[in-house]
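Both of the next two complexes hold chain A, though its partner changes from chain B to chain C.
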Partner chain A sequence: MGYKVNFAKVNEIFDALSKEYDIYAPKLFPNEGRYSETDIVRYDRVTKVEDIVFDKKSDYPAKEVLSPITETIFYFTEDEWRESKATSKKIMIFMRPCDVNAMEHQNKIYLQNGFEDFFYKRMYEKVKVVLMECKEGWDTCFCVSMNSNKTDNYSLAVRKEDNDLLVEVKDDAFKPYFEGVEANDFTPEFIEKNEVELEVPEIKNKTILNKLKQHPMWQEYNSRCISCGACTIACSTCTCFTTTDITYNENANVGERRRTSASCQVEGFSLMAGGHEFRTTTADRMRYKVLHKFHDYKVRFKDSHMCVGCGRCTSRCPEFISITATVKKMAKAIEEIENEVNANE
Partner chain B sequence: MNNPVRPIACEIIDVKKESQSEWTFKVKSDIKPSHGQFLQLSIPKFGEAPISVSAYGDGWMDFTIRAVGKVTDEIFNKQPGDTLFLRGPYGHGWPVEEQFKGKHIVMITGGTGLAPVRSMLNKFYNEDGYVKSVTLISGFKNEAGIIFKPELELWKNKFTTHYTLDRDKIDGWNVGFVTELVKEVPFESFEGDYEVIIVGPPAMMKFTAMEAMKCGVPVEKIWVSFERKMSCAVGKCGHCRIDEVYVCLDGPVFNYTVAKDLID
Partner chain C sequence: MNQDINVKKLRTNCFRQSKVPGEFMLQLRVPGNLIDAKYLTVIQHIAQTWGNGTFHMGTRQTLNAPGIKYENIPAVNEYIESYIREVEVEQCDVDMEVNNAGYPTIGARNIMACIGNIHCIKANINTQKLARKIERLIFPSHYHIKVAVAGCPNDCTKANFNDFGIMGVNKIDYHPERCIGCGGCVKACEHHSTRVLSLNAQGKIDKDTCCCVGCGECVLVCPTSAWTRSQKQFYRVTLAGRTGKKDPRAGKLFLNWITEEPLLQMFANWQKFSAWVMDNKPEYIHGGHLIDRAGYHKFKEMILDGVELNPECLVADNIYWTESEQRSNMHLIPLTKHEPAGPQSK
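So, the complex of A and B:
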């Protein structure tokens, strides 16, 4: 069922929804960008449709709604602990197909890998997806190559047309909100071709994998990558975090245990108490990230690589390191290694 | 809803100084770990750390801890009667029933690497005939670093033991690394019916395994236990991942056929 809804009516619907839902969408933060007088688009709560940025790719992914960069997981007072409280409302998120598909990767780590994560699950169970139609993408996007350009995992889908939203209502629970609204046969279209294409090379076995780890291609990143972690924070699928305890200044018997996004690109990610660290160079850390995204994850979870081709890592890198160019270099290195292995057999 | 990362308060019932920097904390708990598993120990305000169980029994567990970080330093300020927070046990321990029972066992440890095999060694010591024999090679940096001294003495009664210090000389002990003692093990006399267990720092495990393979030990007979940074221990935080393997879920104990290819 589809509708054509003018912005005034959309805002009325938002008002009605707000009794039950917090609505999250990409929002403009003027002058909060990395450089002077630049903006940032990131996810936040919105109350009116005019707040939603439709014409830019958000700098940061939708994952921040479900797994915030910093989240208090426990409060403790002396010997007593309690979990932080979940948000009381349900959550509606405006997301592009890449972000919707990225949620599947988050689910694999948080809900399937060994244990179910209490804090993610209680958020995920509340989520309703509003798909933002994405027909063209941007210069760093390669979602088609990662098979993440399409999705049918949504309750509503929208296209912005001037001062109207075309809406497809897939989840009948939302139909009452659209009573009396002009009907329309809108269904979302998807990107069929990106400017950038990527063929992810296959790494056939551990011998080739371990030779690839030693390949000189990674050395380049010792001088190019500055280990800032901007790529992993901007990544739609990265899930790593570190837990830290803090106490309140006024009373050291009271405090919190927090979970904060961690980056395998930042020094110290593998540092153990006692001083032993496993990946001490930027080259090591870059290799670790790229192989996780384009090999290791798929070996563990089978069906797909841990990348949706959103291109945010490339867009956010202050050193202009392109993930697609890196994977293409890796493909060449694998070819070299395979030729060498074959020649020696 | 069950929350796997919620810690529970446990009373410390004994603190034993094994060496100057390694102390064993005995904690009252009904948790039943298996040999080689670990728990997340935590002190609110300071954080959590993964620590392997060095012994356990009815209603108690031992953790042998080295004060090397924020959490472990704070644990050293605790006394009997104080509280320690625990969650776990986690990971796959030693395949005692499946792989070790009824065989000749060669155990090679470096430093505190003795802690995660201590409970298993005591089982082999106390249950006559559970394994055919135990050869124990244990190395420490120096005399001050020796842990479980009474047990090291006791084990001599039933096990073939080779104890060594990296550089210092003390009575009845060798001088040098454990790698140099691997060739003393009569692997051939075991007629293939044996397993080799190696636990210690990463470089020690690598070179000891290489040495064992040089002595003709097939790779699949070697077992190791890994130690990595962990925040969650339940497969979420990503710190302990190597390739497709999560040390917290798939380890910490690995057969060397898997471990030899895991390059961080």
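So, the complex of A and C:
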């Protein structure tokens, strides 16, 4: 069932929804960009449709709603503890197809990877997706190449047309909100071709993988990448976090445990108790990330690569390291290795 | 060469005397150091038509044409009428009459600026916009003042060596909920700036707000936008820096965290202060020396008269000039030869 809803009416519906839902969407934060007098777009609670940014890709992904950068997970006093309270309301998130597909990858990590993450699960169970139609994309997008340009996993879908929203209501629970609104046969369209296309190379066996890890192509990143981690925070699919115990005073028996997003690109990420560190160079860390997104995850979960091609890592990189260019360099390296292996056989 | 030339009058007209008798160098003002590239053809035309065919980039960011013969100066002045109108009146909103007589004064020198945030990744402010607003407060005036605007405290403009050096700074907002404790800002601050950040036991950042210079290096390096520039724009002002034979010195911090409105109010007081120090008789001496004559406290009283400082603004209680030459008693004018300040009996 579809509708054409003017903004005034959308805001009435938002009001009605707000009794049950917190609505999250990409919002403009003026002058909060990396450089002076530049803006960022990131997810935040919205109360009116005018707050939602439709014409730009958000700098940060929708995952920030489901797994906030900093989250208190429990409070403790000596041997007693209790979990932090879940949000009381349900959550409605305006997401593009890349973010919806990313959420499905995150579900695998948090919910289907041998255990269920209690804190993620309780958030996820509250989420209703409002799909933001995305037909054009931006210059760093390559969702089509990663099969993440489409989704049917949504309750509502919207297209902004001037001062109206065209809405498809897929979840009948939302129909009452649209009573008396002009009908429309809108269903979302999806982008079919990005400016950038990427063919992710297949790493056929362990020999090639091991040779690839040693390949000189990664050395470039020792001088280019600054290990800031902006790519992983901007990534729609990264899930790594660390935990910190916050004790309120010198009495370490009273406090809270927080989890905070972590980045495999930041120095010290793989530092072990005792001092051993697996990946000591920037090149090592870059290689780890790229292989994780374009090899390891697929080996483990079979059906798809982890990367959804949202391109936010490329957009946010202060050193202009393009993920698609990197994967293309990797493809060339693999080809070299395969030729070398074949020649020696 | 046998011509009767008033070189001082020509200097006021922005033509500098050459060692070649009868030749002069024109200096075209470029307030804020940014103009439409179309004006390059203006200076090119002057250099090739009346000058010696060369072009000099002025050390105060003026467009200079050397080798202009005295007799051609009226033609040059007629030609630059439209440049002065477009750059000074239309671009900077300067209140002046423009005619075919060229620049009315060289007094307040060209306001220098770095490229600022229209280009630079480090800059905190639009340096040109500010320079143009100051231009209309200090020009045209015979009172000599040197002002420079830098986009950040890195001060590529060398604002520190001007009577008034203005640097764009920012009170940076911290959003702890977005901070992942990566320590990137701590390293950046230590490497590039004043080492005011540290990672605390809670995995978040502590800041020594007293020593923070507001440069924004933490914002640049932050992967999560946990550090963002505040919506309010601030400036730091260094005072009475100068180059020169006698006692070159870097400026001293005069105002910190001042906002634009009081900053402009302060500049509006400059001519009044200069007039008082020199008893209404402009001399060829620049602002820093006037501050020396009046003394910092008299200067402060007059320059901040009626200025409504924003609550964050800090004003230096005292400024001590500690030139090494003074300590070693070299190059100094004896006290008996110091010029007095204020109204003089006839």
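Basically, the second predicted complex is superposed on the first by the 340 of 345 C-alpha atoms of A that agree within 3 Å, B and C clash if a C-alpha of one lies under 4 Å from a C-alpha of the other, contacts with A are read in each partner's own complex, and residues count from 1 in each chain.
The rule is simple: contacts are C-beta pairs under 8 Å (C-beta built on N, C-alpha and C of every residue); 3 or more make two chains touch, one makes a residue touch a chain.
Everything numeric in this text was worked out from a predicted model, so none of it was measured.
When the two structures are aligned on the shared chain, A:K206 is found in touch with chain B, with no touch to chain C.
Contacts of A:A262 after superposition on the shared chain: both chain B and chain C are touched. Applying the stated contact rule after C-alpha superposition, one finds that A:T244 touches each of chain B and chain C.
In the superposition on chain A, contact is made by A:S270 with chain B only, not with chain C. Once the two structures are overlaid, the count of chain A residues touched is higher for B than for its counterpart among chain B and chain C. Touch criterion not met for A:E50: it reaches neither chain B nor chain C.
When the shared chain is aligned, no partner comes close enough to touch A:E335: not chain B, not chain C.
In the superposed model, A:D139 makes contact with neither chain B nor chain C.
On chain A, the surface touched by chain B in one complex and the surface touched by chain C in the other have residues 242, 244, 246, 262 in common. On chain A, the positions that touch chain B within their shared complex are 73-74, 76, 79, 81, 83, 109-110, 113-118, 121-122, 206, 209-210, 213, 239-247, 252, 255, 257, 259, 262, 264, 269-276, 278-279, 288, 291-292, 295-297, 299-300. The residues of chain B lying in touch with chain A in their complex are 1-7, 9, 44-49, 66, 68-72, 83, 85, 201-202, 227-229, 231-232, 234-239, 241, 243-246, 248-249, 261, 263-264. Residues of chain A touching chain C in their complex: 29-37, 40, 42, 59-60, 68-70, 226, 228-230, 232-233, 242, 244, 246, 258, 260-263, 266, 316, 318.
Partner chain A is touched in their complex by these residues of chain C: 117, 121, 123-126, 151, 168, 170, 176-184, 202-203, 216, 219-225, 228-229, 231.
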